[in-house]
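Following are the structures in question.
Consider the two complexes below, in which chain A is the common component and chain B and chain C are the respective partners.
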Partner chain A sequence: MSVLIDSILAILAVYLALQCLLAPRLTQTVFIFFAFGLALALAWVRLGAVDVAITEAAIASGFLGVLFLDALRDFSFTAPNKRENLEAVHDPLSRNDTKSLLLPRLALWLGLGLFLLIALEAVWKIPDGGGLTAAAEALLPESGVEHPVTAVLLNFRAYDTWLEIGVILLGLLAIFAVGGIKLYRKPGVAADDPLLRQVILFFTPVLFLFGAFLLYFGKTGPGGAFQAAVLWGAIGILLHLGGRPVFSVIPRWLGQLLLTVGLVFFLVLGFLLMAGGGALFEYPPAHAGVLILIVETLAAISIAAALTAIFANLNQMKKEEPNEIESTN
Partner chain B sequence: MKDLPTSLFPALLVGLPVLFATLSLFFRTRGKALVGLTGCLLTAGLSLIAFVEVTQRGTVIHILGGWEPPLGILLRMDSLAAVFIGMTALVGVFISLYAWRYFRAQEATTGGFPLFWPLWLFLWAGLNGLFLSNDLFNLFVTIEVIGICAVALAVLSGKSGALFAGLRYLLAAITGSMAYLFGVALLYGSTGTLDLGLLGQVLEPGTTTTFALLVITLGLMIKMAGFPFHFWLPPAHSSALAPVSALLSALVVKGAFYILLRLWMEVFGVSLTYAAGQLIGLAGAVAVIWGSWQAFMQTSLKLIVAHSSVAQLGYLLMIFPLLILAPGVTAGSADWLSSAWTAGVYQVMSHAFAKASFFLSAGIIIMALGHDRIESLRDLVGHMRITALAIGIAGVSLIGLPPSGGFIAKWMLLKGIFLSGQWWWAPVVLGGSLLTAGYVFMLLRLAFAPAREKEPFRPVPKSLEVCALLLALGSFLIVLPADYLIQFLESSEIFGSGIESIVEGGADGND
Partner chain C sequence: METYQIYSLTSAVLFVIGIGGVFASRHFIKKIIATIIMGGGVFLCFVSFAERDALSFADPVPHALVITGIVVAVASAAFALALARRIYQLTGEESFTNDK
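After this line comes the complex of A and B, so read on.
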């Protein structure tokens, strides 16, 4: 039975990936991408990596999907008359006029196929190295948490996680670099759509509570800062869509504090531990549990703020295009 | 490795720049620049102190979180890492000073690009982290940090050309990262460890190892713009702002080379064949000729300098065939290994100084002229003596004329080539130098030619010219402590090591 489920999932994932690439319209591509992310998440569950599954579903499928949808909407706004062209790009029929490219394309496909075959062989022949699961389990009592994945992320390899939190902040800075800093603007008009208002009213507390639960549950089971952050970030996105952009309402310094507090607190804590005679991120075992929870909470806040800011900034960047047709909005 | 003396410097070298980067986010334009510059100066100072510490105590380590490898991550600062960190500090501090003045001068028209500072500090932290890392996955994270910073910096000007080039750069960088990560996954799956030292001991030859070597090498070649993956470099480096071009060309691409060198020497010894070394050397040789020729054909200064980077990076790849010994040769009898290593390290350093200076000079010229078409360089000597001098000195180092750092690099490379009997590389080194001389002298000829119009150059702050000149001089001054530096580098385990090649099993993929 389990073999059957696994095979179906494997075929489904590859099928959806191919469909995603070959879909004639961008809209279809985006929706198939959603489905592809969920299939991958299910595959992670089957592989026993529930943490990865939640992250995959939340970030890769959910958050990326939202960004894609936003981009799609902007395409149709900025160039309504070019819409046909845009979607024809993916139409396989329009490629026929490029016969001269047939040979290079064939070579590319052959090369990729060969590469894939060798890759499969290499993966197939992986000797069993054992991994570090046993080592992580053995040291779990000293780590301050009961879930090995959390122990690895927040304690054994806290340095990597700290840098990754920095990477998320850098993603936001990169968007600023492309579009200039336009985040802090006056609030937009509140949404007058009653349905949207009800959705926001209902989902904000639910998302907040569920995020907090995932955060705290990370101590003993699958969950943690990154997963919680996506749910909290979803609150920010909902509020933004409802005409209450968070970063325009709160003072500038508070926004910056929210964005950086996770990274900075983590680092300052590490420095303090170093001043106390230990190494960077070396928690005293007696207080490790509490410290990790504080670090995770602040990290979740910063990541959620960064995700909200990324969405808000991309969303506003497009609205400032001079050729924007407001009436279609 | 766990018994080596512990030090706090490795942790501080990564933490301090990040602290100042986040701090600078709280300030507006002027404040960002001031906090950023302070952070740069402090990081540079710290790097130099750490360098001195390594000269005194030898290799130092920092066991992060107190968890020893294979579970935890260990930062290791040996003499090779110390030299790279010191180089980053010296080049970085001059570029920072230049950037401060450069953006200040253009603040009224451009807004002063305040985001440069947090991004550059994050980039610096990433580079330091990369040089210090001793962990395959941690290296991936530092590559990510560096990649995102580099792309964001490259598009900072906001011009459409820079955005196009930046998108290309981003796609190339992501492809490279993914290929590298695939290799990491394969290695972790087959050995259960990520620590470089342990990996080197337990890695067994086989299909998986060879394939991991192939994808990791491919990924890093894309990152360091090795031929034939150099396509993204000239547009990205030439369309960025001047201080950014200098950072990207002088420092960022060296990161990928550093990992490639470490992994080939410390980890993949079991899978490397003589043919693999020849192949990557061939890629380097083609890059030297092709890049120099392309540079010779360009008509705008920044494109010349960017194409020249492709060529100069090619020289770095050419040391690999010398480090992998032919079957039957033992490391003890191979007396050219030290020369090859010296060539590599000096090529990295002299190129970093000379190319940073070149790009900064290009920035000055763009500031003075509004563009960088080379026919407008006429009478540069008459109007901007210091910049002309900087271009001349940096150019001489790129060509490899004595007594520059570039000369030591190319001389040692030739020495290694002849001692090892691989004479077929020698024409490439000479040809590359001749072509380099071609485009450098073309620039200098124009600089001395009489002007066609009156007062073509607008005045430019002197301090900018001085920064560029000091960097150019740096590419000569690194020659003075050469003996001492080589002696210091030899205290590193990896420096001067070679790989005794195995007879069969192939790493003969197409790099």
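After this line comes the complex of A and C, so read on.
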């Protein structure tokens, strides 16, 4: 029975991935991408990785899907001249250079087929190394938390998590550099839509509470800083869509503080622990639980702020230069 | 057939679909989504072997790495999206063309 469920789920994931790339319209691609993320999340629940499932559903499917949906406004996916262009692409026979393209295409598909066989064989024959489960289980009492994944993320391999917060911040800075647009603008007009206003009023406290619950619950079960951060980031995105961009309401220094507090506190804590005679991020077992909770909270605030800022900056990319866009259509 | 074997084979298929999509699709958004699918394949491989090595709970180290990896993949995809939108703003192109 379980083999049947897993097989159906695996086939569904492969089908959605194929459909996602073969769909003729971009809107279809983006919505199938949402579905693909959720199918993968189900697969991870089946594999016992509930933390990964929450992260996938929230960030990879939800947040990234929202970014793609937002990008769809930019790309003129319904404009007639573009559609002709698209059809020409899908029908290579109508192009003059068919012969010159035939050989590379054949090589590509043959290469992919060969690569698939090699990948399947490699995955099938991965040797059984035993993994690190036993080591993690033995050290779990010293980590200050009861959930093994949280222990690995914030204690055993805290270095990775710290650098990851840095990567998100780096991504935000790169987006600032590419966009070339000031994020900190005056607040826009509040949304006229009464439904949107009610949704914001209702969901802001619920999202905040649920995020805080996930953050605290990460100590004993699935949940933690990243999952909480996405929920808090969703608050920022909702407020932005409702015409109240967070980063233009709060003072500039406060925004910068929110963005960097997780990274900086993590680093300062690491150096303080080194000054105390330990290794970087080697928490004393007696205080590990409290320290992890503080680090997680600040990291969640920073990640949430960074996600909000990424969305806000991408969202404003088109509005700044409307004339230029229209002239290119 | 064990559960983890089904998903590890699926992960290989997903990776190949993604890499094919990177080469064969033309629109920027499709190319970015194809890289995400490739990443999904890699993460699925990690988590399926975490399930194989389970004792009283599944191996937490691959889980933590995958959570980190998902967030990094999303950050890089967001950056790629910013680049794609900027290219579209400046040139009106929505795919790489060799015509010019």
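Here are some notes:
Operating definition for what follows: the second predicted complex is superposed on the first by the 296 of 329 C-alpha atoms of A that agree within 3 Å, B and C clash if a C-alpha of one lies under 4 Å from a C-alpha of the other, contacts with A are read in each partner's own complex, and residues count from 1 in each chain.
Here is the rule we use: a residue touches a chain if its C-beta (ideal position, glycine included) is under 8 Å from a C-beta of that chain, and two chains touch if they have at least 3 such contacts.
Just so it is clear, the model here is predicted, and its values are computed rather than measured.
Using the contact criterion defined above for the overlaid structures, shared-chain residue A:178 touches chain B and also reaches chain C. By the document's definition of touching, both partners, chain B and chain C, reach A:132. When the shared chain is aligned, chain B and chain C each come close enough to touch A:122.
In the superposed model, A:3 makes contact with chain C only, not with chain B. After overlaying the two complexes on the shared chain, residue contacts for A:166 are found with chain B alone; chain C is out of touch. When the two complexes are superposed, the chain touching more residues of chain A, out of chain B and chain C, is C.
Of the two partner chains placed by superposition, only chain C is touched by A:18; chain B is not. In the overlay built on the shared chain, the residue A:263 is in contact with chain B alone; chain C does not reach it. Counting contacts by the rule stated earlier, residues 119, 122-123, 126, 128-132, 136, 156-157, 160, 164, 167, 170-171, 174, 178, 180 of chain A appear in both its interface with chain B and its interface with chain C.
Of all residues in chain B, only 6, 8, 11, 15, 18-19, 22, 25-26, 62-67, 70-73, 111, 115, 118-119, 122, 125, 129, 137-138, 141-142, 144-145, 148-149, 151-153, 155-156, 158, 163, 166, 182, 186, 188-193, 204, 206-208, 210-212, 215 touch chain A in the complex they form.
Only residues 2-3, 6-7, 10, 13-14, 17-18, 20-21, 26, 29-30, 33, 36, 40, 43-44, 46-49, 51-52, 55-56, 59-60, 63-64, 67-68, 71-72, 74-75, 82, 89, 108-109, 112, 115-116, 119-120, 122-124, 126, 128-134, 136-137, 148-149, 151-153, 156-157, 160-161, 164, 167-168, 170-172, 174-175, 178-180, 226, 303, 310, 313-314, 317-318, 321, 324-325, 328-329 of chain A touch chain C when the two sit together in their complex. Considering their complex, residues 118-119, 121-123, 125-132, 135-136, 139, 155-160, 163-164, 166-167, 169-171, 173-174, 176-178, 180-181, 253, 256, 259-260, 263-264, 267-268, 270-271, 274, 278-283 of chain A touch chain B. Looking at the complex, you find that chain C touches chain A at residues 1, 3-21, 23-30, 32-34, 36-37, 40, 43-45, 47-68, 70-79, 81-86, 88-89, 91-92, 94-95.
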